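You will see chain A twice below: alongside chain B first, and alongside chain C after that.
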Partner chain A sequence: MSQRVLREYRRLVAAGGAANESNLHPTDPADLTHWEATLEGPQGTPYEGHSFPLRVTVPDKYPTLPPSVCFPKRTMPHPNVKWDTGEVCLDTLAGGWTPVMDLQYAVMAVRRLLAEPNPESPLNLELAALSRLGDHKAYDGIIKYRLAHSSIK
Partner chain B sequence: MTRVKPICDALGKKRFKKVCENLLECCVCTICHELMSVPMMVECGHNYCYTCLKHWLTSNENTVLKCPDCRSVVSHPPNMNMFLDHQLKYILEMLVKNAAPDSEWVAILAQRDNDMTAYRRDATSKNLFDGVFVNSTLAVTDMDDDGIPRCGNCHWELDPDDVDDDGDDNVCPHCHFRIRNVIRPSRDTEGTGVPPALADDYSEGEYESITVEMQRGGNQRASESDYESGSSEDRPRGSVYDLEAQDSGSGDEPHDDEMDSDLDSFIENDEEETDGPGSNDNDSTLGRRKRVYAVLDADESDSQQSSPDSDFYEHNSADEFVSGDSLDEQSPDPTGRRRGPRVALVLSDDE
Partner chain C sequence: MCNTEEHNIETANAEDSEERRESRAQFQELFEQFGRNNPQFNPELIELFQNMLSPLLQSQWHPEDREKGCSQEFIDSLPRVPRNKVPLTDTCSICFERFGNDNYPLLAQLPHCGHIFDLQCISMWLSNQVTCPMCRDVVNGHKVQDLDTSKAELEEDWGMYG
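Showing the complex of A and B:
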C-alpha cells in the first residue's frame, strides 16, 4: 500500500505550497513513512500566535489503518493531547478512520481539534475538567502559561 | 449514439473536456487513488477496487462493516460493477495503444487482469473478501419473538447495550461470529411507535400479542390480548409486513368511539370468516361469539361507560366473555386458517 503514500506525495508536490498550508512534508523524501507538519494556532484560541510541529507516522497497512500523529512531548497543552507524551486522542484517527481519508485530511483534523477540543474523551484531565466546569479564564490561563514556558515558541 | 452527438455539440469543446475529466475522476478508486481494478459496488452505490475493499473490510475482525465513503452499513457482499469494469478496461486499452511497452499503463492493465483472475478464483471458491461475508452474520429481529435482536448464526440473544453506537466489538457473545450490521434495540428499529411504557405494562404472555394488538390501533388491549394470547403461534410469520402495518395504527391512540367501531367491524369480519364454507365451527362457538359481539355492541351504545379496558374483561371473562383461549380449545382446527385472512381484514380496516 506504499503506492498510495507515493501518490499523495506526488500530488502534494504538484499542488505546490499554497494548497499545503500546514506544510505537510516527508521528513526524508526517500522514506515516506515519517512526515512532518506545522500547525498554526487558530485565531481566537489561546494557541493563537504559536505554531506547533506535528509528527505523522504512516503504518505499513496505510490507508487501511490510520496514520498516527503526535506532538513533541510536553509542547501541547490541550484536553485531547497527553502532555507528557504528545499523544493525540482523535476519533478520526482511530475508529472513525476510513481509507478514503489521507494524510492532509488527518493533519486538518488535528488542526480543527485545536479550535474545537472535545473534553468528553480527555487525555489531559486537568484541562478537560476546567473546560467542563466552564472556567474559561483558568483554562486559557493554564494553556498560555504552558505555551509561554514551553521550549517551542 | 443518437443522443450522444447532440450532447457533445451542446457542451462545446471546453466543457466536453471537463465532463470527460469528471467521468475519469469517477473511475479512480478513493482508497488507492488509482484507476479501479475490478470495481466492486457497495450497496450504498460507492465503488472500490476489489483488493482495496477486501483490505478494508478485513482490516478489523470485530466491527460493523462500513462503506469507506459514507459509512453506511455494508450488510451484503458488494457486487462487481460490470458496466464500470467494461469502461475501465476500454480506457486502459486505449491508453496502452499510445504507450510504450514499459509504461505504467501497460503495468496497470496487467495488474487489472491479475486482479480479475484473483477475483474469479475467490468467487468460484466462495471466498470473496477473504470470507468476511461467510464468517459473519446479520443480527435479526423477529417481531413475533419480543423483538429481541438475535445472532443470525446461532440465534443467541444480542444485547444492544453491550455494543456501542460505533459498532465496535460487534460480535455474538455465544458463537463469536462477527455481526456486520448495527444491533439496535427493537423499539428503535421498529420506528412504529410501540411506546416503551406500554410494552413494559405487559406480562410476558400479553407481550407476545403486542404485534396484533398494535395493528388494531391501540387501547383495547386486554380484550385483544385475551383473545389472542393462546394462538400467537398461528399468526402469519410475515413480521416485516406486520411492522409496516403497525405504522398506520399505533401512532395515534384513538378515542373510545373510534375504537369501539373498530372492534365492532373486527368481530363482524371474524364471523364472516368463521361462517364461511371452510370453517367447521359448531353452533355453540358461534353462539358464544355472538355474545361477545353483543357485549361490545352494548358497550358502544352506552357512551358513558368507560372503554372496554382490561379490568372490564378480566372481571367478566370467567362467565360472560369467552376468551380466545377457550375458543381455540373448542375449535382448534379452523384457527390456523382463520388467523391469516382476519389480520388482513383488520389491516384494510385501519387504512
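Showing the complex of A and C:
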C-alpha cells in the first residue's frame, strides 16, 4: 500500500467533516484499500432528495492507476452507470486520470456526473437514448421510477 | 519518427523473400502461442527472448508496446532541481509529501511546463505515460528546435541566382 493514500487519509481527518461533504471515509481505517462515500443527489436533477452510497477501491498501483468506483448494484439509474452492476464509466477514472488527482477528487467527479451525464459513452443504453432524443419527461420519469423502487432511499 | 519506422518495416517486408516471410509468420504464431500469453513460461525468460528480437520485429509484432511511455534515457535526462530552489513547504503532487521532509530530495523538473516532482514519482508515471500529470503537456513531444532549413535553402538559392 502506498504512503500516498495514508497521507490522503490524514489530510481528510485534519481538514474535518465540513471539508468532506461526501463523507468519504475508509471502510476500515486499518486497511485503506476500501472506502465509502455518500453522494447527495444534486438539486434540479431527478436524483434530488436521494442519497447514494458509493464504494471506492484503491488499487495496489495507486496513484499511478485510478481508484475504481461502484454504486451498489441496481441502485443508480444513470446513462453512464451499468444498472445491473453499478459500474461507472467516467473518463476521469480511466484515461483522464493523473496521479495528482486524489480520492476526494474522484468522488467529486462522480457527483458531477450525476448532474452532467455524458450520453456519448453510455452504460445504460435506455437512458442514454432518451437523453440523446431530448425526451426529458421520459428520461426523468424512468429515473424517478427506478429510484422510488430501489432499496436505497 | 513513427513514419520512418513504418517505412522501414515496409522496406524490410518488400525485401523479404516469400519463404522467409512465411517462416517468420510461423515463428510469430509460435511465439504468440507459447510465449507471450502462456502463464506456464517464466515472464522474465519471455521478456529476455523478446529483447533478443530485432527492434524492427518487436515493434512489428507488438505495436502496442510502442509509444507507451517515455524512454529511460529521456527520464534520466530530466533536469534536477536543487533543494534550495524550491519552497520546502511545497509538496510533490504525486506522493503528497513535502519536499522539505527529505533532507536530500531528488527533484526533477519537466521541460517546457516546468512542473517539479520527486524524481522517483515522476519516473514511475512517465515510464507508462508521456504527459505531465499537472497540465498534460506532452513532455517528450517538444523537439529540439529544428533549424529552419527551407529558409536556408531559399537564401542559398537567392545567393546562387541573385
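By our rule, the second predicted complex is superposed on the first by the 152 of 153 C-alpha atoms of A that agree within 3 Å, B and C clash if a C-alpha of one lies under 4 Å from a C-alpha of the other, contacts with A are read in each partner's own complex, and residues count from 1 in each chain.
One rule holds in what follows: a contact is a pair of C-beta atoms (placed from the backbone, for glycine too) under 8 Å apart; a residue touches a chain by one contact, two chains touch by 3 or more.
What you are looking at is a predicted structure, and each value in this text was computed from that prediction instead of being measured.
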item: Combined model on chain A where chain B meets chain C, clash or fit; value: clash
item: Partner chain in contact with A:44 - chain B first, chain C second, else both or neither; value: neither
item: Which of chain B and chain C A:16 touches, first, second, both or neither; value: neither
item: Chain B versus chain C as contact partner of A:64, first or second or both or neither; value: both
item: Touching partner for A:134 - first (chain B), second (chain C), both, neither; value: neither
item: Touched partner set for A:95, first chain B, second chain C, both or neither; value: first
item: Partner chain in contact with A:29 - chain B first, chain C second, else both or neither; value: neither
item: Single chain C stretch clashing with chain B - from 19-27, 37-45 or 109-117; value: 109-117
item: Touching both chain C and chain B, counted on chain A across the two superposed complexes; value: 3-4, 7-8, 11, 63-64, 98-100
item: Complex contact set, residues of chain C against chain A; value: 93-97, 121, 124-125, 128, 131, 133-134, 136
item: Contacting residues of chain A [partner chain B, same complex]; value: 1, 3-4, 7-8, 11, 61, 63-65, 95-96, 98-100
item: Sites on chain A touched by chain C in the complex; value: 2-4, 7-8, 11, 63-64, 98-100, 102
item: Chain B - residues contacting chain A, complex; value: 30-34, 52, 55-56, 59, 63, 66, 68-69, 71, 166, 168
